[in-house]
Each structure stands twice: as structure tokens, then as C-alpha cells.
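As C-alpha cells, here come the structures.
Next come two complexes, and both contain chain A; in the first it sits with chain B, in the second with chain C.
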Partner chain A sequence: MLKVILRRLVALIISLFLIASATFFLLAAVPGDALSAQTDKLPTAARKQVYRNTGLDKPVLQRYEITMTNMLHGDFGTSIADPGMTMHTVLKEKLPLSARLGLQQVLFGIPLGLLLGTLAAVYKNTWLDRSVTIVSLLLMSVPSLILALLLQSYFGGTLGWFPIIGWPEGSNLWLGGWSYTVLPTLAGGLGYIARYARLLKNSMLDVLSSDYVLTAKTKGLTGRRVVMNHVVRNAAIPIITSLPVTVAFSITGSVFVESIFVIPGIGQYFVQALTNRDVPIIMGETVLLAALYIVTLFITDLLYMAVDPRIKLYQN
Partner chain B sequence: MGKHLGLVAGVAVVGLTTLLAGCGNNSTSTTNKTLNLVQASDPTTVDVNDVRNANEFNVLNATQEGLFRVTSKNGKDSLKLAQAKSYTISKDGKTYTFKLRHTKWSDGKAVTAQQFVDSIIRELTPKNGFAYASMAYDIQGAEAFNTGKGTANQVGAKALDQHTLQITLTNKTPYFLKKLSSVVFYPVRLDKINKVGTKKWKTDWQDQVYNGAYKMTSWKTNGKIVLKKNSKFWNAKKVNLTKVNITTTAKDSTMVSLLQSGQLDAVLTSGANASDFNKLASSNKITKRTQAGGSTSFIVFNQHTGGTSKLLKNTKIREALSLAINRNAYNKAINGGQGQAVYSFVPNSIDVNTTNYHDYAGNVLTSALKQYNSSAKLQALFKAGLKETGQSTDLSKVTLNYLTTSGDDTGTFLKQQYKSKLGINVKITTAPDDASFIADRNANKYDLLANAWNGDYDDPSTFLNLWVSTGGFQKFFGGYDSTEYDKLYGTLADTADTQKRLKIYSQLEKLVVAKDFGVAPVSGAKNQIYTNKNLKNFQTPVFGPDYDYVYANKK
Partner chain C sequence: MDSKFNFVSTSSATDTAEQPTTPVSIGFWQSAGHKFSHDRLSMTCATILIILVLVAIFGPMLSPLNPNQLHVNQQNLAPSQTYWFGTDHLGRDLFTRVCLGVRISLIVALVATLLSMVFGTIYGMLMSYFGGWVDSCLMRLIEIFNSLPSLLVTMIIMTVLGNGIGTMLFALAITSWAGAARQARGLVLQLRDTDYVTAAIMLNTPLWKIMLRHFVPNMMSILILDIGQSIPANIFAEASLSFLGLGIQAPNTSLGILISEGQNQMLQHASQLYIPILVLVVIVLAFNIVGDGLRDALDPKFKA
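Here is the complex of A and B:
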């Protein structure tokens, strides 16, 4: 096991290095940079000075060397568009907001989705199954952007039940200001309901029609015991393996929901960094997301093993 | 396994009840002392010398103060003494002496004349690279210092004593005070700035000190800015609103919902977006007002290289391109009918001294439009231009390259107009973001592009100095280069008489728009201002900040 973890760790470092380098050079290859728009109106001499002030006047390879060395020390540098902001302050100030939003969406959406999926599979071809199928198809097809705007203008604007914009901060950061979180949670969470209901229903139907379920039934087990002991465990494999990625990426923010409900989270900030060509923040973001993804995949692999002992991570 | 399913269902129910428990305590109450506003995006700076965008002017106009404050009534701006108590102008019109009020910063320190001098010097210091440095060029020695040809102590700004400021100009400049009211010239505290450094000062709101009506007490990017009344402000007893929330959102539907529910007190909108707000006009809680803006949108012709088609150095071709645009159709298609079709470059809202410029100069394009009133005549004109450049006169073989960033309908409009009226083609090149757009533009990979200019102060020169070939603006505006124009513009330097200036300005405008066709003005802004009915004295100056609420109140 230790060997597996070590091997993965080395792979992680190599991957991150490659990803960071690729990101850096791709950004350098695109015409224009973080300062082009800002310095557009300046006389040539002043523009050169601004470039010198930020170090963007240095040759690409030299900048690459500086960026990579600093990164080794865990320093991604200061934002160019927003001086004073570093990856550290971004994570400290903005990540908690996005994390609460994402976790609430997941905690609301996935359990409800699983429940509906199970019901739809068990009561196959009844009105329940059909309504779950139709509703989840609908929710999956409507982007969270549209859903958010609709929820906002109806429940926030017309009915006035919930605040139109805003998000709890300060002492309410994690537990409090719930009314602010309702609409954003619904806007993202409804999608999870749809996705997980469909996923579980399909996988349960597969299992329900398999031979060992038939055997269990012929042995005389009750329907309830068949579902609990044989169906759920096997049908859970695709769920368990997709859960870590969903959870991990739910906390890294959602651009649309954040921008519509004016939540100063990390999702919006990262997209802005991209359009601003804010290299230090983009590098930090890419490395963070890549690391998160790789680690999550590893956890997923471990979960695979736990759920289905037939699966092995590596061959000796 | 039975337990697991139970757990799953349990979590779902808990999730629901926690969410529902949140309902009901809707606590976004607004008091009569709080003003709620929105901004489309966060300021990129709170450094007065570094200011460049409207939202920054808006915030800094409330938190800091200069010698004058722009007050606005019915779409007319005028200057009111603010940090200055009085001023005198020397006989030759070049030396201005200001007596300052005895005012204080939010940390209790005195506002001094030296801090105004520091601001001018800092604005011009080459290594700071501030965008608005050229605003100060009227001051003696300013341009030389900013371009590295002079030193700071040659700049004509001096503190005669703690409360007397003297500014000396190169030429008699009748509109200088209008310029001087800009945020760019507000006083600065070098003792504070030097502690954190200019680079960090830009967004370091926690270390700022304020001499204006409000202090910034919180700023969350993509969230909101909170301002609280500054009790040290010299005129604090006249400031009624104690708190201002400025939320960052660019979504019209959100603003409409907020306005309807009384959680937003004012919105200023123009162009195509304005139609999103139309349904508010019938609301009895909201007042709507329309006001001419201080900006012009125009089509840029690449005269640097003649563009990718190599045709745009030809005057006849540019003339045909300018006259082929139906300005009314443009306004309908691009602004949703909410702007104004224009036939000259300087907006209607501009005055020279107190005479309205546009009333004097009229629409400079009218006679040319009358002359070329059919597509046959326009095509003949274009062909004559092609002949002059030595190209084939087959119109269907002409393709012009229109450069844009994503989300712009002007290209499609031009494509359709030019195809139907001139029979030529337009290719639309879409740059993925601003940085790539700038790179392509600087490499002259375009024939046409759309641009707009927002005047900085109330005088035609803020629009007409753009076309001086040495002014540095031609990088963005196509590279119009005329010695006749430059010479004529130069004569303004010794002309203070209003009538004479009106005449020179209108000659300049005719030259660039209707004789050389160096640019095609197409539309002007008309701002729609929606305010909460109980909000009084909420001003919307044409120049400088979008709004001024320092002396506003809610009843």
C-alpha cells in the first residue's frame, strides 16, 4: 500500500510539473498579456516602465525559471491585476465561500437524487419512475445559469421570499445567513439530483436484471432483502466512484451561480484571472485544480478496491 | 445495508429542513440613511492618480475630494468650490492661485497645499506610468517632466504656504478648471503611500486615508464595497446618507429585481441594455430620467498602413464607408434604439464656456450625406477611390477586415450595410480577449474597428485633441495624420475668446469628420437613470463620475 502511495506521489509531482510548464508556455504563446489592456493608453516610455515594475519585460525563459523556482517554494507570486492578492489570500478569503456553496449543493442534491433513483428503479414503469425520469431529464437539460436567473427573479424578485443577492460572511461564514444560501444551493443542487437519480436508477436496473438477483429471488428472499443485500451494494459502484470528483470540484466554485448571486467566491475569481491573463493566479489555480484532480482520482481508485475486491490497483 | 439507505434518506430530509428553516428571516432591510448602488465590475484601483475607469471615478468621488466638485442639474455640469475656498486667475490667464479651506483627512491630519502639489508631481512621474498623466500637460513643465525631458521642480505647481496653492500654465487655457476638478488631481498623502509603495497602494484600501465625504470600510472583490460617512469631512453636517453599499453585478435582470424590491436605489444604463429596464418605467416606486451622455461611438479606419486591404489611406474610400452607414439603423440595431444617431463627433452635451458647441457647429456630415444619397452614387465614389489606389474596380472583390472582441454586433451590421449599399464584403475577425485584440490592432491586422470615447471634461478639446497626430491617441483611432489639422489645433493655444474658439473647433471637426473622413462617428449615448422615488439630489454629472450622492438624501 505504501508503495502505491509513493508511486502515486512521484507521478503527482511529475504531472504537476508538466501541467505547470504547459500552462506557462501556452499563456506566453498567446498574444498580449496581463498589462496590455492596462497600459494600452500609456506613452511608450511609461508602458516600458510598468512592464519593468512587474517583471513582465524579462524574456520568457527567464520568467519561466523565476516562476518555477518560486513555485517550488510554494510561492505563486502576487496577482498582476489585483496587487496584494496572492494565491494564499485568494484561498483564505474566497475558498470558504465557494466551499460552503458547493457542499450545500452536494448535501442537498446527491442524497435526494439517490433516493429518487432508488425509488424509480424499484418502482420501475410506474408513474413514479416516469416522473423522476422526466423531471431529471428536464433538470439536466437546463443549465445552472438559466435555473439561477429564474430562481432569482421569481423567488427573490417577484415573491420576495429570499434575498436576491448576497452570501453569509464573517461570523455567519459557515453556519448562519441560511436564507441567503437557499437559491444558490437550489440553482446548483437541482442538477445533482437529476444526475445522481439517473445514474443510480440505470445502474440498479442493470443489477436487478442480473443472474445473481434472480438466484436470490428464487432462493425465496423477500424483495426488500434482495434490494438491500444484493442490489444496492453492486449498484453503488458507479456512484461511489463518481462521488469524490463531484465533491472535490463542487468546492472549487461555480462561475455562473457565483456571479448571478454576487457571491465573492473562488470560481468567479479564477475565470477573471484567466481573462485578465493574470499569470500568477492562473498558475496557482491550474496547479491546485490539477493536484486536486489527481488526488481525487487516487481516492477513487482506493474506493474501487474497497467496493469491489476484484479490482487491483497494480500487478506485481 | 438497510441502514445505509435509511441514512441516505435521512440526510436528504435534514438537508431540506435546514434549508427551509432558513426561509422567513429575510433581513435585507434598507433604512433611510443607507444608499444601495451597483457597479458592473470592481475598481481596478483606489489610487486617485492611477484612476482610469468610470467605476473608480464613482468611488473616489465619494471618498476623496479635490479643489472643486462637479454639480449637475438637468444634464448641465457646473463647478462648485470644495477643498478650495477661493481662487484668483492672473491677468495673463496663466497663473491660478487657490486658497484652501482648513480641512482634515480621516486620520485627523491637515489637508495641505503641498499634498495637491505632490499629487500633480506623482501623476507626472514617468516611472509610475499613470494613464491620465497627459491631463496635466497644460501645466508648465508638465509634459517635459512626464516624457523625461525635464525635472519635477520645473513643473508649475507650488505650495506658497500651507493653505495656498499656485499652478502656472504654459498657455491660457479657458477650460483648465474643468479639467482640474478631475479625480486625477485630488490631493495625496505621500507619507502613507511611501510606506506601502505605489504598486500595493493601488488596491490597498485598508491603508487609505480619506478627505472626502465617505470612508471605505470594506471591499470584497466580486462582492461589495461598503462606504461609511467620514465624520472628519469638512462639510460632514450636510452629508445625509451614513452608509453606501456598492454591489458588484453586471446582470440587468438582477438589477431589475433589486430595484423593484427597493434593495437598489439607482441605476444608470444606456445602449441596448437600457431596454431590459423598460418594464420599470411603469412602476410607481421608481423615477426614470433621460440625459444626454458625454460619449461618441465611431468606426475607426486604419490609416496607419491602409489596413489589411491597403485601401483605407484613400479619402474617397473612407468617405464612401462613412456615408454608407445608416446611423438611425445603427442606433436601432446596436443600441436597441436607446442611443442617438450622430452626424458629428463632439457630443451635444458639450459647451464652450457657456455656449453649446453643437448648436453652433451643427451636423457636419449632413451636406455630404445629401450629395451621396443613393447606393449608386456611393458605389461610384468607392470605385473612384479604387481607381486612385490603382486597384481593380470590381466591388465584389473588395473585402475589409473588421476586428472585434467577442460579443459585438457592429461587425455584422457593417457587413450587411456595406454589402447592400457598396457591394463590398466585410470579414469579421473576433479576438478571444482584450489582450489579443490589442496585439492584433497594434500589428495593424484590421481595416475597420469600432471604438468610443468618453469626454474627460466639458470642452470640445477633449474630443478634438484626439486627432492631433502627435497626441498618442491615433494608435487606437486609426492613425489620422494631417498637418493642416495639427496646425489649426495649435492656434488654440493663444486663443481664449469663446467665439474664436467655437470657430476653430468647428473647423477642426469638419476637417477630420467631413473632409478627410478620418473617422465615422455613428452614435451618441443617451443615459437612462432609474432612481428610487424617495431618493433626492442624486446627481449624474455628464463628465467625471457617473453619479454624485455626497449630498443626496432619502425621504
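Here is the complex of A and C:
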């Protein structure tokens, strides 16, 4: 087990190094940088001074060396387009907003999705099953971007029930300003309902038609015990293993929902950094997100083995 | 005829003797086609898709209006007889613009899917055909690509290479080829040791011919399913990126651009937002349902 973790750790470091290098050189290859728009009209001497202050006047390889050594110490540098911002302040100021949005979406969407999925599997081929299937297919075909726009224009615009844009900040950061959070939460959460309802229904149907459930029934177990001891435990495998990715990525922010509802979270800031060619922030977010993604995939693998002893991923 | 044997029923004997008693054997593709054409929902959706494609191609010819012509005193009109879908904030005819948008969105989705499928399949076939260190080196590359969040990569590429259709195709293809490569690798791994492939190798058949004759036909059904899944995904990716301003840019248009323009007008003129959204959702829903129908028809495990 220790060996497995060590091997994954080495792979993680290599991947991150490659990702960081690739991002750096790709961004360096683009003509123009974060400063060119602002400094075009300045006299040459002043422009040179601005470039010297940010270190953008050095040759590419030297910049690469500086960036990579700093990154080893966890320092991604200061934002060029947004002076004073570092990855540290970004995480401190932007992440909580995205995290609340993500948590609300997950807490709203997944339990409801699981409930609907169970009902659809237990009452198979009834109107309930059919409506759950149709609604989830519809919701799967409508991504959060479209849902967010529709909710915003109808419930925010036409009916005027909820604010169109904005997000609670300051003292209302975690609790409060609920009316602002309703539409963004729905926009992401409805997708989770659809995904988890479908996932659980399919896996429950698989399990319900298996031989061991038949055996359990013929042994004379009550329906409740069959469901609790046999169906739930086996049907939960795909759910548990898909949870880490869902949770990790809901917290780091949904780019589209944040852009539409003008939520100053981490996703929106990334898009802003991209349009501004703000290299330090882009590098920082890319590396952190990639690291999170790779670690989450590893946790998923570990969960697979924990939940289902039949799965052995690491037999050399 | 031997006198010991008699026909049990003489009347029907003459009829059946002339007809072949064994059922006609139908091939895999015939059976799949039969199943699919009897799936009413999928057929309806396939028809809708065909109509939409025709409208996207010929739609602008139905209307005498130019999609890029500004009508300065006719801004933000509601749908009418002249302007079927109304006009936008610059007074451009929305119907022809939606047609153009669908056209671009479909072209992007189809070409990006094709690129990633062709590249991924060839990559996967090669790595598994050669095996050994080639296989493990190329596999590492797939693992790296799989461990990247695809939205992130697409957005960075779009920023680096600039906006435009070509860039978009590249960005979408580069994030999605790894899945196809993996699948092709797995299939060729099974096929590589079959007798007919060995025979082909012994006959000194060139590699491209082996791929085309023996590998590709065997993975056709799986490829079709993959294509069916990745087209709607690419339509969305294009729309979302263009919406964020990281995709196709004006004066070109696509569903994503139309939706983002509609968002600016949604409080006063909601139809400018709803129409492109409706078109997008119908296209994607139809693709998804056709994809499901194809899976039922092609996947031997799904014999319902």
C-alpha cells in the first residue's frame, strides 16, 4: 500500500512539473503579455521600468527558472494585471465563495438525486420511474450554463422573485443572503439530481436482477433486509466512487454559473486571469486544480478498493 | 423416396417443400439497422436532426435577409412575418443568424469529433500493434492527458492560440482523443493475435491496410457509439467557450455567441435568449436520444 502511494506521489510530481512547464511555455509563446495593453502608450523608459518591476524583461528561460524555483516553495508570484493579488490571497478571498456555492449545490442535488433514483428503481415501470427517467434525461441534455441562464431570466427577470446577480460576501459569507444563492444553487444542483438519479437507478436495477438478491429473497429474508444488506451495499459502489470528483470540483467552482451570476469566486477569477494573460494567476490555478484533480482520482481508486474487495488495481 | 417414410400431412407438404425452411441469416449491420429503424423515438429524433441540418445549410436561402446586414431602425423586433425570429440589438435578422450559428456549431462539433476519433484511433491501434516499450511510452502520454481537467486545458489553449474556429477544433480535439486511443488499444490487443491478422502479417500486408481492413471494421460499432456521445459534448463545449468569450468571436456567429448576446437582452427581449437556447437543447437532446438508440441497436450486451 505504501509503495502504491509513493508511486502515485512520484507520478503526481512529474505530471505537475510537465503541466506547469507546458503552461508556462505556451503562455510565453503568445505575443503580448499582461502589461502590453497598459504600457503601449507610455514612453520607452517608463515602459522598461514597469517591465523591470514585474520581471517580465528577463529572457524566457531565466523567467522559467525563477518561476519553477518559486513554485517549489509554494510561491506562484504576484498577479500582474491585479496588483497585490497572490495565489494565497486568491484562495483566501475567492475560494470560500466558490466553496459555499459548491457545497449548497452538492447538498441539494445529491440526496435528492439518490432518493429519486431509489424510488425509480423500486417502483420500476410505473409513472414515477418514467417521469424520473424523462426528467433526468432532459436535465442531462441541458448543461448548467443553459439552466443558469433560463433560471436567471425567468425567476430573476420575468418573475423577479430572486436577485439576478450577486453573491453574499462579508458577514453573510457563509450564512445569510440566501435569496442570492437560490438560483445559482439550482443551476448546478439540478444537474447533480439528474446524474445521481440515473446512476443509482441503473446500478440498483443491476443489483436487483442479480442472483444473490434472488437467493436472499428465496431464503425468506424480508424485503427490507434484502434491500439494506444486499442491494444498498452493492448499488452504492458507483455512487461512492463518483462522489470525490463531484465534491472536489463543485467546491473549486463552476466557471459558467459563476460567470453568469457574477459570483466573484475562483472560477470567474480564472477566466478573468486568462483574458488578461495574467501568467502568475493562470499558472497557480492550473497547477492547483490539476493537483486537486489528480489527487481526487487517486482517492477514487482507493475508494474503489475499499468498497469492492474484488477490485485490485495495483497487482504488479 | 423410401416407402418407409411418409409425409404426415400431404396438403401442406407441397407448400413447405418449395420454401426454404431455414430463416435467412441477417448480418450484424442489417440487424442493427432493423432494430434502429423500429425504434420510433430514435427515428423521430434522427428526422429532427436531419431537418435541422438541412435548415442550417439551406435556411439562409429561404429568407431574403442577410444575417450580417444592420437595420438601424428595426432593432429588437419581436418575431414577425419578415423577421421570423425577430431582430437583435443591432437590427440583424435573428433567423438567418440562428441558421448560421447552428451551421458553425455543427461544423465545429463534427470536425472536432472526427479529428479526435481519427487521431485517437490511429494512436491506439499503433501503440497496441507495436506493443512493448512503444506501448508503455505512449500509454504514459495518455495518462498525462487523462489526468488533466479538460476545461482547463481547452481554455488555456484558446487563450494561447487566440480565438477562432481552427483553434477551437484543435483545443476540443486535443482534450478528447485519449479516450478513443484507449479504446482502440484495448480492441487491437484482442485482434492482434487472431489468425487472420497473423495471416495478413505473413503475407506482408502493409500496416495501413491491416488497420483499414481488419482493425477498423471490427471496432466500427464502438466508434459509432463514441461519435454519438462526443458530438453533443463538443456542441456544448463550443457553446460554453464562445459564451465566455474564449471561443468563436464576432463577426462569426455560433449558438454560444447568440446565447451570450441574448443574455445581454434577456430582461427586455427574452426571446433573443430563448430561441438559441431552445435550438441548442433540441439539437443536443436529439443527439443524445439517437445515441441511446444506436447503443441499443449496436451493443450486443443491450439485447432488450
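To be clear about the criterion, the second predicted complex is superposed on the first by the 283 of 316 C-alpha atoms of A that agree within 3 Å, B and C clash if a C-alpha of one lies under 4 Å from a C-alpha of the other, contacts with A are read in each partner's own complex, and residues count from 1 in each chain.
Following the convention adopted for this analysis, contacts are C-beta pairs under 8 Å (C-beta built on N, C-alpha and C of every residue); 3 or more make two chains touch, one makes a residue touch a chain.
Please read all numbers here as calculations on a predicted model, not as lab measurements.
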Quick check for you: in the superposed arrangement, does A:103 touch first (chain B), second (chain C), both or neither?
neither
Touching partner for A:30 - first (chain B), second (chain C), both, neither
both
Under the stated touch criterion, which partner chain does A:294 make contact with: chain B (first), chain C (second), both, or neither?
second
Contact-wise, after the overlay, does A:15 reach chain B, chain C, both or neither (first, second, both, neither)?
second
Under the stated touch criterion, name the partner, chain B or chain C, that contacts more residues in chain A.
B
I'd like to know which partner A:152 touches here: chain B for first, chain C for second, both or neither.
both
Quick one: classify A:135 as touching chain B (first), chain C (second), both or neither.
neither
After superposition on the shared chain, which partner residues are touched by A:229: those of chain B (first), chain C (second), both, or neither?
first
Considering only touches as defined above, state whether A:50 meets chain B (first), chain C (second), both or neither.
first
For A:259, is the partner it touches chain B (first), chain C (second), both, or none of the two (neither)?
both
Chain A positions touched by chain B in one structure and by chain C in the second
30, 149, 152-153, 157-158, 164, 259-260, 275, 277
Quick check: in the complex, which residue numbers of chain A touch chain B?
30-34, 36-43, 45-47, 49-50, 53, 81-85, 93, 107-108, 111-112, 114-115, 118, 149, 152-153, 156-158, 160-167, 169, 178-182, 185-186, 228-229, 232-233, 258-260, 262-265, 268-269, 272, 275, 277
Listed in rising order, the residues of chain C that touch chain A in the complex are 143-144, 147-149, 151-152, 155-157, 159-160, 162, 232, 236, 239-240, 243-246, 259, 262-263, 266-267, 270, 273-274, 277, 280-281, 284-285, 288-289
Using the touch definition up top, name the residues of chain A that touch chain C in the complex.
11, 15, 18-19, 23, 26-27, 29-30, 137-138, 140-143, 145-146, 149-150, 152-153, 157-158, 164, 249, 255-256, 259-260, 270-271, 274-275, 277, 282, 286, 289-290, 293-294, 297
Going by the contact rule at the top, pick out the chain B residues touching chain A in the complex.
1-2, 4-5, 8-9, 11-12, 15-16, 18-19, 21-28, 44, 52, 126-131, 133-134, 146-148, 199-200, 202-204, 220-224, 247-251, 253-254, 256-258, 260-261, 263, 433-440, 472, 476
